[in-house]
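Next come two complexes built around chain A: one with chain B, the other with chain C.
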Partner chain A sequence: MISQELNDKITRVGSGTPAGNLLRHYWQPAALVEELHASLPVAVNLLGERLALFRNDLGHWVLTARKTRSDEPIVYYPNADQIQILDDRPIYPAVEKNGVIFAYLNDSDPPDFPNFDCFRADESHVFAFKGLWECNWLQALEIGIDPAHASFLHRFLSDENAEDHYGKQFRDKVIQTNIPITHVLREYHCPEIDVEETNYGLKITALRHMNNGTTHVRITNQIFPEAICIPLSQEMTITQWHVPIDDENCYWYAMFTSFGEPINKQLMHAQRLKEHELPTYAPKKNRLNNYGYDPLEQKTQTYTGMGMDINVHDQWAVEGMGAIQDRTREHLGRSDKAIIRYRRILRKAIKALEMGDRTALPMHNNDQIKSIVGPLSNDTIALTDDWSGVSHRADLKRRAACSWDASIL
Partner chain B sequence: MGCFNLVNIIPIEAKPFEDFVDGYFPLAVTLAHLLERRRFESALMVIRVAPIMDIPNLESMAPVPLHINPRYSGQIDWLVAAVHRPQPRLSAVISGWAQWHWNDILRGKVSRLPYSLRLAEPAYVRGVGFYPGNLHTCSLGYVRPVNTSSSVAVSTPNANPSDSSVNIEQFDTAECLCWNLNQKHFLEWFDRTTVQPWGCPYTPNVNNGSTELLLIEQRCADTWDAFISDTKAFT
Partner chain C sequence: MSGEKSVTLQKSPTLSEIIINNELPWVQLIESQLLDIPRPVMPLVLNGKRLVLFRNDGGMLGLIGRNCPHRGADLCYGRLEDNGLRCPFHGWHFNYIGQCLEQPAEPKGSQMYKAIKIPTIPVAERAGIVWAHWKERYGFDEAVNTAT
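Up next is the complex of A and B:
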């Protein structure tokens, strides 16, 4: 339970708010490159600001404020000729990174980008997409750093044919085994959770102790302030930001990164367009149609009865909390270790900015930021005594075989 | 030895730790649970930016309300406390320093945190724990002196003079960090003029002859960097 005052402090993102000020010290995903095929400028609603994205006279991407109507919807994609740029407003820098335009909504010098895999992989090995969730960014993030939820929310009552797993979360087999991830999550639902603070955020390890002295090891990451990096399959990871449109809506931006073959972007795009509307990237399953809930499916196939796309499960869980989760009524427990640890970093960073100490923010030391690589993110099964070594070696092996420079030394 | 005028410097067995405490119970109970779980007699620990509540007239073991009221909620920005649990008590004795604020401005900057203080959600803590033994201290209970080398020592006026013969020469006080384990009961508002936190070299004005001190050798500070850094956050 936290007070309404503190909840407001860590959730609201408008200009001049504590959390909004913090997020404005980090590069934010603002648009997909695939959205820029039409003429410019393009409308971008970000951190409560109504902006326009275009190229300046030097050909660089920039954002600035645009004129808005009072009845404008939260997610708004007008034609370029309907966008009126306001003069004398701050011009924010933006850069393109493997399919995503990142913007820095601050007049201070932006930090460098760390050497995360999603940024340094070849363009052929990264696929980017986004989706709309109608809720505050923080609850969208916090579900992603709760390793226990997957055993319930994403429980499949049987294991799908692994041949059909490409591009889908939790449908592959564990590295170097024939054991489906769905089996592990379903049968071992009470993970031991370890959380380690790193120079980029948190490394979160979920250990599911299995039979015969073996342990399933799933390593995920929280990248400060509002991203996660998690395994998708044996060869792919997802780096996913939860970017506020305003206080009550956010986009997830995902950069799928392959350590193996080039990504079949056409297939992954088609898979996701089955579930999303353009140009808003709003999910077709949503509150208005009960997220596709089917009682028969819930009885026989899935825990939620909401289909096989785990994004829908997460969307239902976080939107169901309300536009901004009422944390005056929450009761965190010991399995919420990563959330507890994350909020500590978040509150410390907000406090540091209130005291004028920008240097205390994670990933704000440009001398060190280029040395931030990875992060390690995989699923393995190991002898319990050597789980850490097995996970690390599997990561090194995958990196060594990678066609782009995935080295971490 | 260094140029210090400390009495009874006694190396003790100590272990750095990090952990999560559950909250909702009175803080003194929550921290007693931590000591019990880790088999510590006592600990020096630090908590940062943690939500707190102080619910009027709520029995210590009664369930907390489902909904927090802003009138009794707030946040600890920084808390460093010596904690020990005299047997057979269920709650710990806490003394130390903290900075905090209440959402109810009428509570103002009361100089002490109440005994009924609770963490409003589980919190992450860092600290150094001490194992039970026969060395009597004021703030850490009965801790275990060591015959082998240790990087941690207490300087306590309570010790029997014979205790201080243990390996005192092995402890290099010229290169140590010191924490003032004052005996004021429960947590006081941090005041720069009344506490001297970690310092190297040791500042003589801390040593008034009756103060109990925890000393950590500088050479092991790297190992305990995060803990020491947290304890220095508001100093």
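Up next is the complex of A and C:
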């Protein structure tokens, strides 16, 4: 439980708020490149600001404030000819990275981009998409650094055939075995969780000790301030930001990154377009249709009764908490270890900014930032009494065989 | 306010929500037969408090706060099993008076569950009607929990 005052401090993102100020010191996903096929400018709704994205005279992407109607919806995409740019406002820089436009909503010098895999992989090996969640960004992030929830919220009561798993999470088989991941998650629901602070955020290790003397090791990451990096399948990872539109709405922006074959983007896109409305990227299953909830399915097939798409499960969990989760009534347990650790880093960074010390922020030292690589993110099986090192070796092997430069030395 | 009474049945964002405003000590909620359905779990708002009404396997009725005390997930979508309601987020299990009995993602031997209790309002069934003992409500933070 935390005080209302602290909850406000770490969740609200408007200009001049403590968390808003912090997020304005990091590059924020602002649009998908696929949204820019229409004529410019394109509306961007980010951190409570109503902006327009266009190219300046030098051909560089920039954002600035646009004229706003008082009754316009929060998620609003007018046509280019209806956008009126305000010309007395700050101009913010934006850059394109493998399908995503990142913006820096601050007039200070932006930090460099770290050398993460999603940024340096070939364009053929990265696919980007986004989706709307109608809740505050922090609860959207916190579900991503909670390794235990996958054993419940995403539980399948039987193991689906893993053949049809391309581009979907938790459908693959465990590496070098014939065990479906769905089986591991269901049968071993109380993972041992280890959290380690790193130069980019947190490395989170979830150990599921199985009764055959082996351990399932899942490594996920928190990338400060509002992203995660997690395995999708044996060959792909997801790096996903939870970007505030305002205090009560956010987008997830995901960069799927392949260490193996080039990504079948057409298939990945079609799978996701089936579940979302354009141009808002609002999920077709949502609060208004009870997320497709079916009590019979909940009894016989899935833990939630909301279908097989785990994104819908996560969306239900975070939207159901309310627009901004009331953390004055929460009771965190041991399974929330990474969330507790993350909030500590968040509060420390907010404090540093209040003291005017930007150099104390994670990933703000440009001398070191290019040496931040990875992060390691995979699922492996190891002998229970010798699990440490197995993830690392599997990661090195995958990197060595990769067609783009994935080296981390 | 006391004595003022209204009942609304509306198609709301979360399943079919029943809204009742009535601050008498005992408040009439619904006819029992509305719960004669395969999954007797119903969202209900009583005097601004967001609640979930459910019948356990043994036939007892529970009327408890809607958000899981862990991280706030919506218990209207809970799994009705093991003689109580289980949160689909992490499997925390609650009995009909809102007492937590299991936290399956917590380490073996953890006693944390004993201190976890959801705000609750006692209910009784008389002549086919479900009543709530509003006056005896327990565990609500009056300032905070009147959220919409």
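Criterion: the second predicted complex is superposed on the first by the 409 of 409 C-alpha atoms of A that agree within 3 Å, B and C clash if a C-alpha of one lies under 4 Å from a C-alpha of the other, contacts with A are read in each partner's own complex, and residues count from 1 in each chain.
Keep this in mind: a contact is a pair of C-beta atoms (placed from the backbone, for glycine too) under 8 Å apart; a residue touches a chain by one contact, two chains touch by 3 or more.
Predicted model, so just to flag it, every value in this text is computed and none were measured.
Q: I'd like to know which partner A:261 touches here: chain B for first, chain C for second, both or neither.
A: Touch status of A:261: no partner.
Q: Touch check for A:347: first (chain B), second (chain C), both, or neither?
A: Once the two structures are laid over each other on A, A:347 reaches chain B alone.
Q: Considering only touches as defined above, state whether A:109 meets chain B (first), chain C (second), both or neither.
A: Touch status of A:109: no partner.
Q: Is A:337 touching anything from chain B or chain C once the two structures are fitted on A? First, second, both or neither.
A: first
Q: Looking at chain A, which partner touches more of its residues: chain C or chain B?
A: If we count touched residues of chain A for both partners, the winner is C.
Q: Taking the superposition on A as described, I'd like to know which of chain B and chain C A:386 touches: first, second, both or neither.
A: neither
Q: Answer with first, second, both or neither: which of chain B and chain C does A:328 touch in the superposed model?
A: It touches chain B and chain C both.
Q: Please indicate which partner A:5 is in contact with in the superposed arrangement: first for chain B, second for chain C, both, or neither.
A: In the superposition, A:5 contacts chain B only.
Q: Under the contact rule defined above, give the chain A residues that sit at the interface with chain B and also at the interface with chain C.
A: 4, 328-334, 336
Q: Help me check something: in the complex, which residues belonging to chain B touch chain A?
A: Against chain A, chain B makes touches at 20, 22-24, 48-51, 53, 64, 66-68, 70, 73-75, 77, 103, 120-124, 226.
Q: Under the stated contact criterion, what part of chain A meets chain C in this complex?
A: It is residues 4, 139, 142, 148-149, 151-153, 189-191, 287-288, 290-291, 293, 295-296, 298-299, 303-306, 313, 316-317, 320-322, 325-326, 328-336 of chain A that touch chain C.
Q: Could you please specify the touching residues of chain C with respect to chain A in the complex?
A: Per the stated touch rule, the residues are 13-15, 38-39, 67, 69-74, 77, 79, 88-91, 103-108, 110, 112, 116, 141, 144-145, 147.
Q: In the complex formed with chain B, which residues of chain A make contact?
A: For chain A paired with chain B, touching residues are 1-6, 197, 328-334, 336-337, 340-341, 344, 347-348, 351.
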